[in-house]
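Order as written gives the chain letters A, B and C; numbering starts at 1 within each chain.
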Amino acid sequence: MYCEVNEKERAGVINPIFTCQPCGAQYASIGIKECIGIVHGGQGCVMFVRLLFSQHFKESFEIASSSVHEDGAIFGALNRVEEAVDVLLMRYPDVKVIPIISTCSTEVIGDDIDGVVIKMNETLLPEKYPGREVHLIPIHTPSFVGSMVSGYDVAVKDFVSYFAKKSEPSEKINLITGWVNPGDVTAIKHLLAEMDVEANVLFEIETFDAPLMPSGNHVAHGETTVEDLVDTANAQGTIALNRYEGGSTAKYLQDEFDIPMIIGPTPIGIRNTDTFLKNLSEMTGKPIPESLVRERGIAIDAITDVAHMFLADKKVAIYGNPDLVIGLAQFCLDMEMKPVLLLLGDDNPNYKDDPRIQEFEKNIDYKMEIITNADLWELENRIKNDGLEVDLILGHSKGRFTAMDMNIPMVRVGFPVYDRAGMYRYPVLGYAGAMWLAETIANTWFVDMEYKKNRETILNVW
Amino acid sequence: MPYHLFKCSESIPEREKHAVIKGEGEDLTSALPLGYLNTIPGSISERGCAYCGAKHVIGTPMKDVIHMSHGPVGCTYDTWQTKRYISDNDNFQLKYTYATDMKEQHIVFGAEKLLKKNILEAFAAFPEMKRMTLYQTCASALIGDDINAIAEEVMEELPDVDIFVCNSPGFGGPSQSGGHHKINIAWINQKVGTVEPEITSDYVINYVGEYNIQGDQEVMQDFFKRMGIQILSTFTGNGSYDDLRGMHRAQLNVLECARSAEYICNELRVRYGIPRLDIDGFGHEAMASSLRKVGMFFGIEDRAEAIIAEESARWKPELDWYKARLTDKKVCLWPGGSKLWHWANVIHEEMGVNVVSVYTKFGHQQDMEKGVSRCEVGALAIDDPNELEGMEAIETLEPDIIFTGKRPGEVAKKVRVPYLNAHAYHNGPYKGWEGWVRFARDIYNGIYSPIHKLSLLDISKDEIRTDVGFETQRLLSDVNLSDEIKNSTTLREYTGKYDCIKDLRDKTYPEYLTKKVSEAV
Amino acid sequence: MDELTKDRVEQLIDYIMKKCLWQFHSRTWDRERQNENILGMTTQLLCDETVTAESIEDKCYWVDAVCLADAYKERYTWLADLEKPEIKSLMQDVKNRLDHLTITGSLNEELNDPLY
């Protein structure tokens, strides 16, 4: 066996790959229209997450805090939640959806956010806001469990299970994207349109790439509505692109409303996109059209230009959200590259059951290591002290210093990317994403060849 | 009372006393907002937490330290690579961050063993690092882990390491300021006086409340070195852990950001008799008077005057070039704390801009006393502003540019107001004579951006000029400028380098003999 | 106080408020000490009296006083026409006013916190 799956041996984290659960819940919340979340905890749990989103998207998103201070931490802070809901409703007349997102502090002190939601539904809402549509949704995301990835998964499921309501069957399918960029949603919606499939996309976040309008009144926000969420119960099927970000929602809809589901594989690369289209076709009965055959052809043409000449045998280290890492590794293999190190940044015990990981274990014919509960020191230490050779790093911006100090070219991918411009606009999903990835990897490698004077002349006649 | 209640905050009338408009003839006995009070939940305030105030603002700029947070991973991740405090040891403190990664079982059974394991692992991973700071978080505070005891235990086992413990959980106080306070007091209680520093000059200072944002500390250090002054320690930007243990041997504390670091100066005065001299490192006049004071304190004002003359001659013509083009522009000075008073007056006098509003996210009334005093009449001062109030203020004040944080800057962008990063700067450093010109240059480039001008145009309605292929900052800024200024041969645009810090690191300085040595000779 | 004196006091106060930081130390007792010593020395300097600043504490007051006195002389040329008793009286008014603004009339609720 050449591929090993190991858990990081150290207890601690040096340079984390993920932040904690509440961030994931907050990311889900900003995808919903007329929704402002309240994070129940200290103010930093919101302030820094908003900063992180603004670093990545170069946009500002509205999320509130219950601002738990010392007295709340000692005596309980549910009164802060009640006040926060009231203040938010008074000052934001359009707000309908308010998730109450817990954190480590408020979980440790045992604040009963479910109870306070019931209380507010019985008193505050009918008494002070009669007739106003308000949805208060408790979301438990203690920071000492899982990671931002599981936090996102939990929140998507909590939103859907709160709203989903069976009525008339719909022609639509539910398409749960997982933690992706606006460019990915555009790419997926394009595939859906070409397939003539109507989908309820969770979440509609193309608008995160918001314009600067002459009216000066535009704010970036997600576009998924309450109605969309309600309607998830009526779909003819659910496809969750990611196993770990939205997979549990697909399962919930199947268990609760008998909606057939397909989870993954994340459509990164040609092969996974083929699978996605095949699944889509089977679920809806719609054929894969000629236009996509052509689009696929353009992507394959482009990838052929770079793959076996430049990318073959290049050793890659990949870190980030698990579905992204796994999908990228699969695609790299198809492009003849050699992923040698995959870092999955949390302790999710289900990784070993992931069929994609099992396939790596079964069929990889060189030394590949998959580290769970990993941090970025697992990468840097191997390169710096253990002699691991890596030609390319794929990952988000938090690893930028490792790449720079180890002098290894790096393609920014995933979340967050704040040290390259506009990366949220480009997809990694679909044929468009495959082409963009291949060409970006190649171009990054070319620049590195030139700066290091490493056979840079071969580009003369390419 | 000149309080100002925003329309958007009429439903939370307690906000009224958090904003004032300083009217004609009004002074601090009437025009001072409330400050540093608990935040109104759900108001979408911009405040952070006491953990970040301690760790991110003050702790982490210390450069030769393993900065470890005891808690779940998020606090660590979130306060990593979100500021621009550099250091001359290849930015160790920026690059590496450590979390003990507390999980559910630790919440239930305690995480002291986990903490100890973490400490040992980190020292093993970075054998050259012998200093560590441990930061408590909400979670480790609430489960009651005895971090101090573990630190003591490790220090006994590993005699060559030293560990500082900062117990400042996120919920401790209305804002990050609570953490500034806690870490100041913790440092003097635990660490000051535990190392006897080598004194190499007759003139010895601590430089306090300076975080080396984009190299500010190194700019100021250059001036002090040119004067032959020994900087025993910098609290904390580019500062060294062991140097900071020797703070008690300075003759003077030169204090820059009083908001975050006056506590330790006050305690050093009480406990060790070291006086506190507050200075401004921003602005040419302020720089001159700051160096002059420090020089006079030591009786070496001639050295200060030489620097002042040289730097002024070099950079004043460039500052004035920008001043001529920025005069009467309206700015909102919306930083976190100290910059509202560091900048309020000097930016008006030296760049000609009008500060129409100041705010502080996390400051105290003391910051507003300084800020309101330094503003001109009519300025709107806001304590703990929230999202809607900021928008309302922008609509009514119509500023030409806003100095604020990264995320609120994105809000400003959408309403077509350029912003500069007031915390981390755009192209700093902003301290010193040259830095101040860099700030002016950034403001100028923000305001006179051709793209910004295009952003105001609605192509579906407005007239579109088709005879113009491009515009430049200069074309935009010089439209109404007098020929005398336009054609001035003395004024000039910024001529410094992209990176003005690199050269400082290789610089050699004049050697001044100490009295003891020169008497021996 | 007559209008002229009032106007002059305001000019001198305005300079302190816009340019100085020493009047805004954290607590009442600090502010009393700062105002007293720095303005006291400034008055002496403006009256051409010798100021002895031997201790480092006094030196620290003194540097702020020298800068203030120099700035006053440069900006407020009318000071040169005043007799020394007039200066002393005026500076006493300045101190009273500053004490009022920063201590006795201050709205700063943290001034009397017993700890730093």
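General observations
Please note the rule applied: a contact is a pair of C-beta atoms (placed from the backbone, for glycine too) under 8 Å apart; a residue touches a chain by one contact, two chains touch by 3 or more.
For clarity, every value in this text was computed on a predicted model and none was experimentally measured.
Central chain assignment: B. Criterion: smallest distance from chain C-alpha mean to the mean of all protein C-alpha atoms. Distances between chain centres, each the mean of the C-alpha atoms, put A farthest from subunit C.
Averaging Cα coordinates per chain places subunit A and subunit B 34 Å apart. Each chain gets one centre point, the mean of its Cα atoms, and the points for subunit B and subunit C are 28 Å apart.
Here the CA centre of subunit A is 60 Å from the CA centre of subunit C. Only residues 17-19, 21-22, 24-27, 30, 56-57, 59-60, 62-64, 66-67, 100-102, 105-110, 116 of subunit C touch subunit B when the two sit together in their complex. Against subunit A, in their complex, subunit B makes its touches with residues 8-9, 11-12, 38-52, 68, 71-82, 91, 94-104, 106-107, 114, 117-118, 121-122, 125, 137-139, 141-143, 169-176, 387-388, 405-408, 410-411, 413-416, 455-459, 462. The residues of subunit B lying in touch with subunit C in their complex are 27-30, 32, 34, 36, 185, 251-252, 258, 262-263, 266-267, 270, 273-280, 285, 289, 292-294, 296-297, 341, 345, 364-366, 369-370, 373-374. In the complex of the two chains, the subunit A residues touching subunit B come out as 10-16, 18-23, 36, 38, 41-45, 47-55, 58-60, 62-70, 72-73, 80-81, 83-88, 90-91, 103-105, 108-109, 142-145, 147-148, 210, 212-220, 347, 377, 381, 397-398, 400-401, 405.
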